[in-house]
Amino acid sequence: MVALAAGLLVVAPLVGRWLPAGEADVGPTELLEQTRAAVDEPWSGTVETEGTLQLPDADRFGGVAALFGERTTLRAWWRDPEHWRVDRLLTTGETDIRRNGDTTLEWSFERAEATYSRDPAIRLPRPADLVPPVLAERLLRGVSDADVSPLPTRRLAGESAAGLRVRPPSDLSSIGRVDIWTGQDSHLPLLVEVYATGQATPSFTSSLTDVSTEPPTDDVLAFEPTARTDVSVDDVLDIADAANQYAPVRPPATAAGLDLGPASDGAVGVYGEGTAQLIAIPLRDREADALRTQMAITPGVEQDTERTVVSVGPLGVLLTGGDGDGGWLLAGTLTRDALERAGRDVVAGFVFVDEAR
Amino acid sequence: MIHAELSKLLRNRRTWGTIAIIDALPTLVAVLLAMTDLGPRPGTGPAFLSAVLTDGTLFPLAALAMVLPLFLPIAVALVAGEAVAGEAQQGTLRYLLIRPVGRTRLLVAKLVAVMAFVVVTVLVVAVTSYVVGVLLLGDQTVTVTGPTTSISGSPMSTPELVGRTGLAFAYAMLCMLGVAAVALFLSTVARSPLGAAMGAMTLLVASTLLLTLDAAQALHPYLLTRHWLAFVDLFRDPIRWDEVVRGVLVQGAYVVVFLGAAWASFTTKDITD
Amino acid sequence: MSATPTSATADDVRRVIRTDALTKRFGRVTAVDAVALDVREGDVYGFLGANGSGKTTTVRMLLGLVLATSGDIEVLGEPMPGSARAVLPRVGALVEGPGTYPHLSGRANLALLDATGADGPRRTRTRRIDEALERVGLASVDGRPARAYSLGMRQRLGLAAALLRRPDLLVLDEPTNGLDPQGIHEIRTLLLELNREGTTVFLSSHLLAEIEQMCTRVGVLDGGRLVLQDQMDALRGPTGRTEVRTPDLEEARRLLATMPDLEVESTVDEHEGGRLLVRGAEPADLNARLVEAGVRVTLLSPERRHLEDVVLAATTSGTDRFGRAGASA
């Protein structure tokens, strides 16, 4: 009797997964539309992201390496792309980002700091960019019906989810494929898996482990600092924002054949879209050197006097120049060749602007 | 019978020694923090430890986060491991059984005694850490003027803080019930109390180790220690219940399985010690 | 000692312990093999067996500590271990040495035991404990923790625990273990006193002398089998021979040889003079005939068996396995 009870208890957690997934009742075209539109839909839930990408970990980029190289648990409340809250849960506390119209608030429990900022045009990736609806929408930019094929349905977060396999339309992309499963009830992407070319296991996954489509209430989204909280306002969000605002350079209009995107309004260039995207950030010598040192000890690094380059899964990182120089940091999902070509294009094509700016 | 077990537990000097040792750790940490004012770097160290520098009323939680992963479960494993095997080794088990004390009743009494130990220990830790926390730590002006800050940054009124702290301690006690069930089962099987305690500790260490291993992902939902630190979730805003609920279910499953096994093993056992 | 006739049937006396085909196997080893114990009310029952013969296992089965592989047990007229709740409160036991909480005093040990299932109201607990300690000679015991006790003191404490209640049945496994001769004597006196007051005593021991001195009934266990079980009087009953001791050994022998109805087995003990064993004689008649013929008789009595001889005859294997009084376990 005891053995029977034990057996039942061991099996219990598995039962949810064994429930059969229903047949997909939408075609790939409709599913693609649904998945894209999800970013504007309200939802809340728990997100697990898991990255296996061991990026060079330099101080000013610290958060990014953790984002792509670790398992993180996020709790998110999403009303629309301008009103949301994403908490990164840690066993020792949490760091939250809340977006309310044009202001962004970052809260760190352990530092007891709340920092307000405007959302700049150019910034480094942050946890809120990796929740499945946002990530899916970004990866699906430039993807047409011809690039997708259906996958068998799966049971995810308690509902049947229809799958789409996306092949990058651009052959510059280092991404082999992206598999996205979208819930048939919630119409939200529940699981996004990004595979590097030729890889059988995903380099990065983001999944909604439980989800509700109720719009989040104001009191969840609002932030009310207490007397103990250090409140400050930040003009410059991160290193990309700083470079974009203050570096006296302008990137060239194309790199490796990709056009400069509309978001680029300063020194930082963003090229391409969707699965083939590249960001080019000008770095001063001190910042560039610190990063170069970190890159030099990353497995698979290639370094000469012209540039330092390393590929981690589908992500390529290239830093132009040699020891003691400033340089352009190029990072994106481009093949090694395209990345090297883009590096040469940027170095050859950037211009200095008036110092008075 | 329960009365006899409790008096046995409370009259044992070792019980109080163990509680004193467990209680000494957070007290020492509070003194060190008060002297140096150095909190752990973000992302390291036990939960709440950086927050107590500004708010001493959170120190009971920091203390809980300190003793819950290691000190408390080891003490519980020792006490519960001794429950049956210790009596057997002293030769008192057979005399209890021929009083007669029913085997099931003895097992229940032992479990109650172990849980009494947990409750007393946790309460002692809570009270002392609150006292040292308020006396030694925190910015007094802030403490009296404003509500406490939740993990998510929102204000938490005093009744709310007390309620959530109570829940957290209750949750910790439930987690220890899981350990107690395992150790009690081993205590009915093992020949020596130390063997039973070591067995339970091995499970704890293995569970903690496997949790850090991504390759063991498939096992994670079954691990005893998986959700222990989820009491932290009670201080987020809104409260994140799912980990806590899962934790309760896992501990419940451990309690059912291992108490069942303990009962099955003990009631059919030949007492030959 | 009261002598119950060997021929008495089950209906006449109440059975305090009765087992039927009691068997215990540990894996492949048969520790106790089809034992049929029969202990009657008022007995001082000696359960004799070498170490490892299955005595302790049997005792544990009687008390419900070890569960029998097969067979039935009845203690005080009720099945065990099924009616343990009703039976065990009427039983006091000492099994394989006493068990004490080492950090508590003797008195606290007894109080704790009493609290686990009171033998009386709580307010009389102190008195009951005092009485029990008094009976076993520990009345003046102080507050030292039990770990400081000698083996003998601990043995007495264990006995006191068994006597906390006024048991109808005392089951004692090697109760004199660790006691000095004086202590052994005291315990023996105590047990006989309790027996007179109506307590049936089941005494398991490997010491033949101990059993022979105290018991009214004996069961002998050998290799897990009950090879012998009878009243002590019956076991030590007359052999049918008459023992004659005389200084005039040759004359006596000659005279007896002339009597065709007698059979003489004679041995000569050099220190005490002659000794003759005569089969088929009626002692009084034999005495008359010898004296009439002028043979001096020092002693003439019906010969009785010795327990030792009976036990040795019943147990098949080695004789050295039975210790004599004083031999260590």
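Which chain is which? They are A, B and C, in the order written, and residues in each are numbered from 1.
In this section, contacts are C-beta pairs under 8 Å (C-beta built on N, C-alpha and C of every residue); 3 or more make two chains touch, one makes a residue touch a chain.
If you're wondering where the values come from, they're calculated on a predicted model, not measured in any experiment.
If chain B is left out, touch-linked groups of the remaining chains read A | C. A summary of chain positions shows that the Cα centroid lying nearest the centre of all protein Cα atoms is that of chain B. Inter-chain centre distance (chain B to chain C, centres taken as mean C-alpha positions): 53 Å.
Centroids of chain A and chain C (each the mean of its C-alpha atoms) stand 87 Å apart.
Computed from the mean C-alpha positions, the centre of chain A lies at a distance of 39 Å from the centre of chain B.
Residue positions of chain B touching 2 or more other chains: none. Put simply, chain B touches chain A in their complex at residues 39, 42-51, 54-55, 139, 142, 145-149, 151-155, 214, 221-222, 229, 232-233, 236, 238, 240, 242, 253, 256-257, 260-261, 263-264. Only residues 1, 3-4, 7-8, 11-13, 87, 90-102, 268, 270-272 of chain B touch chain C when the two sit together in their complex. Residues 26, 57, 60, 63-67, 84-85, 88-89, 91, 93, 95-104, 108, 112-113, 115-117, 161 of chain C are the ones that touch chain B when the two sit in their complex.
Remark: chain A residues 1-2, 5-6, 9-10, 12-13, 46, 71, 75, 87, 89-94, 96, 107-112, 114, 210, 220, 223-229 touch chain B in the complex.
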